[in-house]
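Input: structures, listed below.
Common to both upcoming complexes is chain A, partnered first by chain B, then by chain C.
Take a look at the complex of A and B:
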């Protein structure tokens, strides 16, 4: 068993195949092969659409729109990973998004003014966001409590949540759609003004590069401290280089997306920028705020999942519930927490939806649960528990969004998009199952 | 023996556990001294594992008392047991299959940095130290334990039990899944731990294991203790008779003997 790795060289029967040596090189970089494969798949999808649309699909404006559409699903999918890893499910996310989105709208139009916080009150957007997150966390805690402490199966509890919370949305607004979201809150939805602009995007990218290098250096120093084997230097440099190129490339791409001329002219007049320069205003939009939210949520959730006790317990419970229990872990509290996290993420996703719509309708978030579960599963999360990554789920959400956006860009109507999404879901999991079986 | 004058490490007194109407353990009392191995034997469903699960906090007793170092203690969950330095190696090993060896070894007792994040490097370093002592060939510190062999997994489970200064060790069928070489290794380890002054409850089906390693042997039958005997005073056949018939050697009648022979 232990000698398997060294066996070929010892017995002198080293196979000359290049496949094995490439595998070994990849292994030395300690890259997650699965994740890398997904990145390749995503690239293939995007490039295919690009070819099919005569090179118009990969324009920055399309990619930015696609990403913003994927943002809500991606954010919730990071939480769904933890829920599914710990052998549960959450079907109520779509309804919860609807409820919180409606709450945001009502906070802006009715509730906050009642409390004397009129349209001019500072940081209304933050107050509304905090209340929304509290509502989401509250619903999550309630469902988590029923699941973990009373022992009702999560499928049942959250199915009940799916039905009843959606019903509550109607009661919130008496069946009406509500519009009139605070100006600053609207920025959460992205768009030209809800983006951070060219300069800040470059600053963010440079911070990202520094962080990548710092993480690699720190990791290497940690392993040196304990005399553990470290990656070969070329692998470290390759990883750092690839990471920085990716981050800077993303920033350049986002900055290639310019403000629409009409909007630029209007704002120029409003703010008195003077005459438009030759060729009109050329303002880089940079990264949209929803994308920054996805990145932020992804980092925090990865940190929670891999660097904190909470995450370790979620995975241990998913791998073997009895073992977690016998190790003295408070498994019930751990499960409850996964639903609280889920509720918070739903609230963040709801803020993006409400901001984009400048309000809330009764059907915000309908069938989100299915897309979110699909994103997590395409991203490698296994229903048998214990397996799944945050980054995989985010990629899964982008794969789904690329497909539906690409198809709609080509004029395929939404039933056709659903057919494609369903087939991709089954194919992705089928491929994964096949790979795992072969691996073991 | 002078053993009786010392305070036992553990005393289980009048422990009873019932599942529904079935008495899995009925009014059982047993004790364990430092540096002693007490073997627990009995047929399937005799109540050995259930009795030990009471001590390790995995299942609460319906009645009875647990004393550690002469003081009455309440053990209601696995954390309580660990607090009293009672460690358990379960027959199922109780490993999280998807987590690596250091993660399993420190499960529930993770080492953290000052900011409360997991200190994986420190945990791996500790694990390398412990495993280096128990199984120098062990190299797979980064793989999920499901990819390890039975012996290696057992090694991780044992390392977890002995790493945290166990005073009382419960081993449930520690060699059941192992090959001959690994079994010998575990036997040596048990002797070594015994010499270090750890008290060990050893549950085993293998009567030779028990005779080889134990100082005393407790025989259970249908949830009750038949007898707790000094190993030197009995033969394997006596113990076998107690396991099968649930009677002390002196109480065995000729009809019982005939029954055993009939059963082969």
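Take a look at the complex of A and C:
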């Protein structure tokens, strides 16, 4: 996550006149203070739970469970940032997740076999995934078209979507739960077998580390080329070092999560590995696939938001719609695209939900829209438009998931969890608003 | 909190909108040629497939076989819509009303209207707190008892996890746990034979949601692993929560300790056949529908509510009320004494799966036996 956290952000503002010396040092590293503060807040939440649970909370297994539970919300929240930044809203995400999840389940149990693609057909999981993403993009495009070209307010269009798409989920299965999806597809949901293993996790971490260094070096070179001010060398080294330590630490942590003994013994027999070594099999699970999806989506979305014309247009429109229009930006197409992106992200999140459940129920995704909006807002996205970061939204999702997982780990019943989630939402935004006002 | 409320608001709006279109089609104008006996049924929720798939056709067939006329409406989880539906059914000339109440209190104005119009009311499956309503249901305490009995016989001592349903539903908080205790759970906890992992009163599941049960169960498994305890058995109150428990056990590769559920949903019966859920307490709603249809016809024909009795062999012996085929007095939690017919649930394990397969239940053999191989517990019931 940390490599994302340090990506250039939209909200990093510097006010040279008022900074103290420590502030100046921080400003020189160009770290987004807000985001850094959120990381600290997340750490405080996790550590508090750790103390309250006599030090058992921060075990790798727990953190992996928590992250997988956060994955769906985090993925959709990255898209919600773009939607809210461009002064719109999407209330239909939960229903769309439900619809696509049910489609995945039905594709693999009923529809694909009808087309002659039985359970043994190769790459069925990919075919189902592609169709699901097409469905998500289609619903997104339809809603985006009505919002951008017909001019119906997004609140209304997506409220309609929330109602009608959830209704359509019922028609797909007549309300019944559908189970039995492909074994390969199930890997998308994580679990011991849906993780990439110890070696690949190290490989991924080393690639990540190299990428951080390469990005910093490249950034410095580009800034030199255009005569932009560069960070002092110590700041560059600090960022590279901290980034690499974080990425490698994350890998080590994920690799400390071991396969459950029962599963390891069963696979050992199936695969003929022979006798278990002293102390049983010690197989590292490594990073679960849903986490990789979050990291991948986070990187792609950050790139879209900060490095592509589409992203710049979104922020330009959100900052000042009239100016963007006058500047010749095709604002309608830009808005439509944000909803297509949203639909695709919903489909990816739906694949995780369906895979985790080995099927779909009528209530998959219910009230996701609220958690997704909360994650984006906790992550610093402003309802007045133009402000918000992808990495902030992902962190916001993790804050919410940490609370809900931590409370249920401690045995706090669900109404109590809701009270806590609501208070944290208001507190996070209140704190942020206070800070911004004080800053200006 | 605010999040939940907003969600509830959004959802109830969803159901209201849905209801408009639904009731429009199913509660078609009755026309002039009303039959001698018109039975009106107000459903609360066709989103849950059981009602439309099992209960409705059985009531309808029974009523129509006796020469009556069947009309209905679905309120889509809305109390307001249900009151409108009741008005509409009365206006369409219903002589008897069968109500599946969305809420036992909120439905009372509708019941009052029926009473004012001299129309007898049957409260179907869910209690209505009114002495004039005949209560036809499965014994929910007995459901809990059957769940716990099956699991306790399988795992007499050890670590239990309790997964309960929505905290606002009296079935989840009162009746089912009372059944668990009747089967001996509380005594065994008191004697130390059984230890409850997680919160002692069990873990509630908002809205009986599968995803929520899954997340809660994952946290409980992590917690048990962290403290070095093994989960020996899981009591889940119903099938949607049991489905979430199975998903969590799968994600954690935990294996499948004996697990309970109720409803006879296809995915869960399939899990019974696959050995992932030990027992599914089945309320054979086909029989419940028949009994309600028959009593509706009898009431139409002028039989007094207290004289109602099912003909011999009219419903399957496996569900026959413990108190006999005649209606009995039943004291409600609200202190009212109502007439009642309370059917017995059937615990289904892999050993007697054939009972539900052969009963014409809406879960078909294909559903139940999907992916079952010769080494699975349900192999023989599935004919392998």
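The rule we apply is simple: the second predicted complex is superposed on the first by the 421 of 440 C-alpha atoms of A that agree within 3 Å, B and C clash if a C-alpha of one lies under 4 Å from a C-alpha of the other, contacts with A are read in each partner's own complex, and residues count from 1 in each chain.
Just so we're on the same page, contacts are C-beta pairs under 8 Å (C-beta built on N, C-alpha and C of every residue); 3 or more make two chains touch, one makes a residue touch a chain.
The model shown is predicted, which means the values in this text are computed figures rather than measured ones.
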- Task: Kindly say whether there is room for both chain B and chain C on chain A in the superposition, answering fit or clash.
- Result: fit
- Message: Just to be sure I read the superposition right, which of the two partners does A:319 touch: chain B = first, chain C = second, or both, or neither?
- Response: first
- Message: With both complexes superposed on chain A, which partner does A:358 reach: first (chain B), second (chain C), both or neither?
- Response: second
- Message: One more residue to check, A:282. First (chain B), second (chain C), both or neither?
- Response: neither
- In the superposed arrangement, does chain B or chain C reach more residues of chain A? C
- Message: Tell me the contact category for A:329 with respect to chain B and chain C: first, second, both or neither.
- Response: first
- Message: Using the superposed model, give me the angle at chain A's CA centre between the CA centres of chain B and chain C, as a multiple of 10 °.
- Response: 120
- Message: Once chain A of both complexes is superposed, is A:371 in touch with chain B (first), chain C (second), both, or neither?
- Response: second
- In Å, how small is the closest CA gap from chain B to chain C once the two complexes are overlaid? 29
- Message: Identify the residues of chain A that lie in both the chain B contact region and the chain C contact region.
- Response: none
- Task: Give every residue of chain A touching chain B within the complex, in rising order.
- Result: 1-2, 222-223, 225-226, 228, 303, 306-309, 312, 315-320, 322-329, 386-387
- Using the touch definition up top, name the residues of chain B that touch chain A in the complex. 56-58, 77-79, 82, 88, 90, 92-99, 103-104, 107-110, 112, 116-118, 121-122, 124-125, 128, 137-140, 144, 148-149, 152
- Message: Residue numbers of chain A touching chain C in their complex, please.
- Response: 53, 56, 59, 61-62, 65, 68-69, 91, 109, 159, 162-163, 166-167, 170, 174-180, 189-193, 259-260, 262-263, 353, 356-359, 361-364, 366-367, 370-371, 374, 404-405, 408-409, 411, 413-415, 418-419, 421-422, 425
- Note on the structure: Per the touch rule above, chain C residues touching chain A in the complex are 1-4, 6-7, 10-11, 13-14, 17-18, 46-49, 52-53, 167, 198-199, 203-207, 209-212, 214-216, 218-220, 222-223, 225-227, 240, 243-244, 246-247, 250-255, 265-267, 270-271, 370-371
